[in-house]
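In what follows, chain A forms one complex with chain B and a second complex with chain C.
Now for the complex of A and B:
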């Protein structure tokens, strides 16, 4: 059993899923689902289709160079069965996936940071400049609320004192 | 299926649909479906791939001399032949100096089918075209070479000679 990669979207194809298409030059195209298969039949280039891994890696949206990818490289030489090795590998797989996932998230958030900073600056600037654009009722209500807040506090203290006195 | 077809292609006569036997119904099925689909989707690649039946044109991928064979009978299956099955065909096009000539009735083993075949591990395989290799009625190959990829379904059908001569086994 081997987990293949979809030719179109690069997701893993688990056993029992997908279709293999064999072209007459003996090149095998594996697809994870009919969506990818149909896109292939339409002769779409995965490097131009936005939701595929090929596009994302080409346009720098997802990380391309990482040591965690080395673990998944295809090795055609079969390994002699060793129980210890198998156990260790099985334990390592979820760890590696987690690390890769975390690094990928970091890469994406780093990529989005300058954009977020720009958004914050823009919002704060808008608040400074255009606070007058808010309806007067809202602003005055806010100020009134602050004033009433203060009032209530004092009243409570007075009643407490009265209670204490009594 | 019939109801679906009737709604999709009113041009096909009632008598034609009713009068067709079982084997021909399938042929009309696939060809009509292909026509309606291609007119709807405007893409030949969206065709429904079905069995290899009477009147199916197949490519010959050995050096027996024939180039195109038209299936006259599928020796297995009511609906038609699939990957790995044997068929009887009539040679429609042949090379001038070959072991078979045009008009010969020959047996052939289907080595590539555009219809997907399920495998025991759950995967499905599909080829680009329909291709056969000519065989005599005992099952021995007429040609001495086989071109193109060949599936390993043939091993189960005991066509080991074809596998031995194949360029690429899928």
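Now for the complex of A and C:
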């Protein structure tokens, strides 16, 4: 049993899923679900279809060059079975997946950071320049709130003194 | 010594077994009669490994190798490759070849020094062959047939080819491979000589249908008989005269 990659979207194909197509030149195409298979039959290029890994890596949306990818490269020369090696490999696999996932998340958040900052700058500029564009209701409420804060002088004490004098 | 043997009622022994000087690959599931003949002849000299290649039993036609290495098609599963790597001695390099023509046993014929290949083989595959097996690679056809691995079989001592190979081609091959070559048949006139027999430097296994004449031709060209004084000289004369008598018609 071997977990293959879908030719179209590059997701893993688990046993019992998908379709394999063998072309006349003996090249094998594996698809994870009928969505990818139908897209292939329509002769769509995965590099132009936005949701595929091929597109995302080509356009820099996802991480391409990383040392964690080297662990999964296909090796054509097998190693003799060694129990320790196999045990260590099995322990290392979840660690490597986690690291790769974290690095991918970092890559995406780094990609979105300059956009976030630009958005905040734009917002503050808008507040300075275009405050008049806000609807009057919102502004009047603000001014009313300011007015209530004004101090009122008490006049009652003087009349009391006059009354006492008489 | 050439023995006659059957694999599950089929005389095409070369389809099911791959025999070299360092190892022998056989498929699983046959009757113990076949295995006992093989292991009886090969004893401790050669590791006999029971395996399947790409889930099939036609091990002899899918893989190719010599004492230095073994080449498997890309269709071989990971478990089979691992099994072979564990069972074969360390000197033998096991390698998978990414090749459109995946029946390597039909496309490549080799001994420890030279290999003949299908003329349409990829350049990278040729490099892999020369690297892993440590041989010189020649692209050839045998009697107009491109499947050199099926129609020609040779070891370090001698070689057998398709019966309709012309004398000039035969001489050319002999000089190329530096071993005496003979055009002959196996299994009562079957032209597919490599599929009908499994041979290495000191033993040969032919299908049970092989006639006594064919067996004697095989034994003489591959030098399988017990060495006797003067036998070497006899063998080289016999090659030209005896076989041409039988097959020129």
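Following the convention adopted for this analysis, the second predicted complex is superposed on the first by the 135 of 166 C-alpha atoms of A that agree within 3 Å, B and C clash if a C-alpha of one lies under 4 Å from a C-alpha of the other, contacts with A are read in each partner's own complex, and residues count from 1 in each chain.
The criterion applied here is as follows: a contact is a pair of C-beta atoms (placed from the backbone, for glycine too) under 8 Å apart; a residue touches a chain by one contact, two chains touch by 3 or more.
What you are looking at is a predicted structure, and each value in this text was computed from that prediction instead of being measured.
A.B. asks: Tell me which partner A:81 touches in the superposition: chain B (first), chain C (second), both or neither.
C.D. replies: Only chain C; A:81 stays clear of chain B.
A.B. asks: Check the contacts made with chain A and report whether chain B or chain C touches more of its residues.
C.D. replies: B
A.B. asks: Once the structures are superposed on A, label A:19 by its partner contacts, choosing first (chain B), second (chain C), both or neither.
C.D. replies: Only chain B; A:19 stays clear of chain C.
A.B. asks: Go through the superposed model and pick first if A:46 touches only chain B, second if only chain C, both, or neither.
C.D. replies: neither
A.B. asks: Which chain A residues lie in the overlap of the chain B contact set and the chain C contact set?
C.D. replies: 26
A.B. asks: In their complex, what parts of chain C are in touch with chain A?
C.D. replies: Listed in rising order, the residues of chain C that touch chain A are 77-78, 81-82, 84-86, 90, 93-98, 100, 102.
A.B. asks: For the complex, which residues does chain A have touching chain C?
C.D. replies: 2, 25-26, 76-81
A.B. asks: Touching residues of chain B toward chain A in the complex: what are they?
C.D. replies: The contact residues of chain B facing chain A are 43, 45-46, 112, 116, 121-129, 148-149, 151, 167-168, 170.
A.B. asks: For a test of understanding, state which residues of chain A touch chain B in their complex under the given definition.
C.D. replies: Of all residues in chain A, those touching chain B are 1, 15-24, 26, 28, 38, 41-43.
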